[in-house]
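The structure appears right after this line, and notes come after that.
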Amino acid sequence: MPAFEDLIDGYRRFRLGSYREQRERYDQLAQGQSPKIMVIACSDSRVDPTRVFDASPGQLFVLRNIANLVPPYSAISGQSSVAAALEYAVTGIHVHHIVIFGHARCGGVSAALAGDFDNPVAGKHVHAWMEFIAPARDAVKAACQLSPDIDAQRALELANIRLGLENLRSYPFVADAVAKGTVKLHGVLFDIAEGVLKILDAKTGQFEPVKVDL
Amino acid sequence: MPAFEDLIDGYRRFRLGSYREQRERYDQLAQGQSPKIMVIACSDSRVDPTRVFDASPGQLFVLRNIANLVPPYSAISGQSSVAAALEYAVTGIHVHHIVIFGHARCGGVSAALAGDFDNPVAGKHVHAWMEFIAPARDAVKAACQLSPDIDAQRALELANIRLGLENLRSYPFVADAVAKGTVKLHGVLFDIAEGVLKILDAKTGQFEPVKVDL
Amino acid sequence: MPAFEDLIDGYRRFRLGSYREQRERYDQLAQGQSPKIMVIACSDSRVDPTRVFDASPGQLFVLRNIANLVPPYSAISGQSSVAAALEYAVTGIHVHHIVIFGHARCGGVSAALAGDFDNPVAGKHVHAWMEFIAPARDAVKAACQLSPDIDAQRALELANIRLGLENLRSYPFVADAVAKGTVKLHGVLFDIAEGVLKILDAKTGQFEPVKVDL
Amino acid sequence: MPAFEDLIDGYRRFRLGSYREQRERYDQLAQGQSPKIMVIACSDSRVDPTRVFDASPGQLFVLRNIANLVPPYSAISGQSSVAAALEYAVTGIHVHHIVIFGHARCGGVSAALAGDFDNPVAGKHVHAWMEFIAPARDAVKAACQLSPDIDAQRALELANIRLGLENLRSYPFVADAVAKGTVKLHGVLFDIAEGVLKILDAKTGQFEPVKVDL
């Protein structure tokens, strides 16, 4: 099991490296967490939010699922990982920001477009999960009928973030906190091939790239 | 919004630092992911698996929810983040290992024991979510009746991992892959205060600490 | 014998350092001791009470034995180190507090659980000594039958402190002093790995961590 | 309870001071102790071995009782703190040195001479305990008959150390280790008023002061 051994070796590097170097920080964190930011990210192995945001221990409360989805409040069942994490973040640890962190080349989005997981045997759980973005997917597909050169994958990745932000506001405790100004919502997309991070700009209503002095 | 600005500053450090340094690796990853390990971790800001395992980009497919839970297959509703992620990991990207990564001082476990979230208004979603570990919680509580100094929190954190491993096997495609030997299941717990990682040892049936030469 | 030479070198540092700096204090102490606190601690090299409580010369009257045990009064033989030290502390130098100072990772407690010292040749004296905590050990072992992930070591370390406090009250002169309010009993546990000190709280009946502003 | 509050304040100083400064050392020690020296010292508040030997965490395995006594092996009862600690030190953690650390102005020795604790009600446990040095006490008392200017207190403090060394050799596992050369026995006396440490010299057969460049 070399892959698992690699994981344990990684722990040893951490223990002897950054854990040791930041021992006091970890001693403080052992007494409790108080992150100011919740990030909702994809499970994809290439877009770890800790890495992309060069985050410190204790900085980010992170929910990760396939395609960084937020189901609408009306659709969640009794036991929802997203509802529980949002509730804990907003009413328990009182984060100030909720960030939906999408990414380019998302396998979930790609599958939703291609119908890869429509196979009722092999992929029924991914299929069911991706149905939460059906409104966005259908809009993008309709647009493609009109304009064949649309990059449907990219369009749906962005539309998925917009839909997630809309769905966030359907949770009563999120809507309350946003109304009170104690929580802000943000949508961002990272493109691994280009190294670009785009933020949905409230003024322009568009995803705008973050400037970096290269 | 200084916290959000910090996040963007972190992205700039990443873009100018490790992204640039590992540009070839990211170019390869842009073509697709093939992680060998799926990690199921808690959303807690202090126990990021990327950091604790000093993981590389592309190494870990990560699901994060409150208390690193795996509901039993019989209990999942039609649209389950856990079922979708497991299905994608096992049948889509063919990971070799699934690791349940628990941690000490878990707020979800603590709440499950204390009943903090039994408030039907403020905490109903966390409460509902944590009900997935009811069998483990009840066994630990019964043990506490016999010996008042039991560390119920730690006992339940470990029992939750065992229960998660048992529940993993209830998913037909996981059970098949385990039976074929293509997937191995692992349970580990990290204690932030001590810096110790413990692995559930198949031989001893106990959680044993990973040796590190300090 | 480098280890012994180190010890003598340590004395020279003391003689030229803190002894010289606190010469007046030592001159006063040469006339007699009047500590207000008796500490019953383990012989373990890692949990010196003088160090952990940053104590001054003359502050603590200290009994140290394996696992900071207090046998019940009914079980002591004619010549007991614990009975003698308690009697001297309470009726001779009139301490105001008796503190049972347990610690995590205690080898004596570990051995009592594992039966390591059941070997009748090599370990009979440790074995016999640790039998004083048999009631606490048996309760913890029964609890472990219900929940395999109980940290039996930690549970027994704490139960041992509770048992010691109960046993302290079995000494007539201690019971008298406690009844008169001239002596208070305390139970504390130190965890070397976490740096945390826990005190048995009379109100909650639980061991509660001492707050430290890290 | 100001004295107890002082104790807790002392812990806070330790936690924020030397514990923090030596965090790595404590992390290592959390994995186990391997002291090379066992010290048998008095409970007296003025002669803490950690302080007098400026010892490091993990350096000394310490037994403390009234008058740093070692009963003869033939006299110990079934459950002896001294036998247990010696056995653990010699056969469990394999110390290289056992040091009997006596001190001037010892209340136990003083009482043994004065018969202060012969009162069968108030002091019977100290009395019983100090009977272990009866042979030394009787020899010193006989000498005083012959020479009225003998400092009986000092003479008995030293004789007690010699008797303790003799009694150490009566424990079979100590005798074996001494015969094999794996353990060395030492007797030292500290005088708090003078700041002098004397070591029983194997060559001269006398207690010789350690030289310090004042």
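Should a chain be cited, it is by its letter among A, B, C and D, assigned in written order, with residues numbered from 1 in that chain.
Throughout what follows, a contact is a pair of C-beta atoms (placed from the backbone, for glycine too) under 8 Å apart; a residue touches a chain by one contact, two chains touch by 3 or more.
Everything numeric here is computed off the predicted structure, so don't read it as measured data.
Visitor: Which chain's C-alpha centroid is most distant from that of chain D?
Guide: Measuring from the centre of chain D, the most distant chain centre belongs to A.
Visitor: Between copies chain C and chain D, are the contact residues mostly the same numbers or mostly different, with half as the line?
Guide: Same residues, largely: of all residue numbers at this interface, over half are found in both copies.
Visitor: If you average the Cα atoms of chain A and of chain D to get two centres, how far apart are those centres in Å?
Guide: About 64 Å separates the centre of chain A from that of chain D.
Visitor: In whole angstrom, what separates the CA-based centres of chain B and chain D?
Guide: Inter-chain centre distance comes to 51 Å.
Visitor: With chain centres defined as C-alpha means, what is the inter-centre distance between chain C and chain D in Å?
Guide: Their C-alpha centroids are separated by 17 Å.
Visitor: Using the touch definition from the top, which residues of chain D touch two or more other chains?
Guide: Chain D, residues with two or more chain partners: 20, 23-24, 27, 30.
Visitor: If we count contacts the way the header does, which residues on chain C are in touch with chain A in the complex?
Guide: Going by the criterion above, the answer is residues 194-195, 214.
Visitor: Can you name the residues of chain A that touch chain C in the complex?
Guide: 24, 27-28, 30-31
Visitor: Hey, which residues of chain B end up touching chain C in the complex?
Guide: Spelled out, the residues of chain B in touch with chain C are 139-140, 142-144, 146-151, 154-159, 162, 193-194, 196, 205, 207.
Visitor: Applying the document's contact rule, which stretches of chain C touch chain D when the two form their complex?
Guide: 1, 3-4, 6-8, 10-20, 26-27, 29-30, 32-33, 35-37, 43-46, 48, 50-55, 57-66, 69, 71, 75, 77-89, 91-93, 96-97, 99, 105, 107-108, 122-126, 128-132, 184, 186, 192-193, 195, 197, 199, 210, 212-214
Visitor: Show which residues of chain D lie in contact with chain A when the two form their complex.
Guide: 20, 23-24, 27
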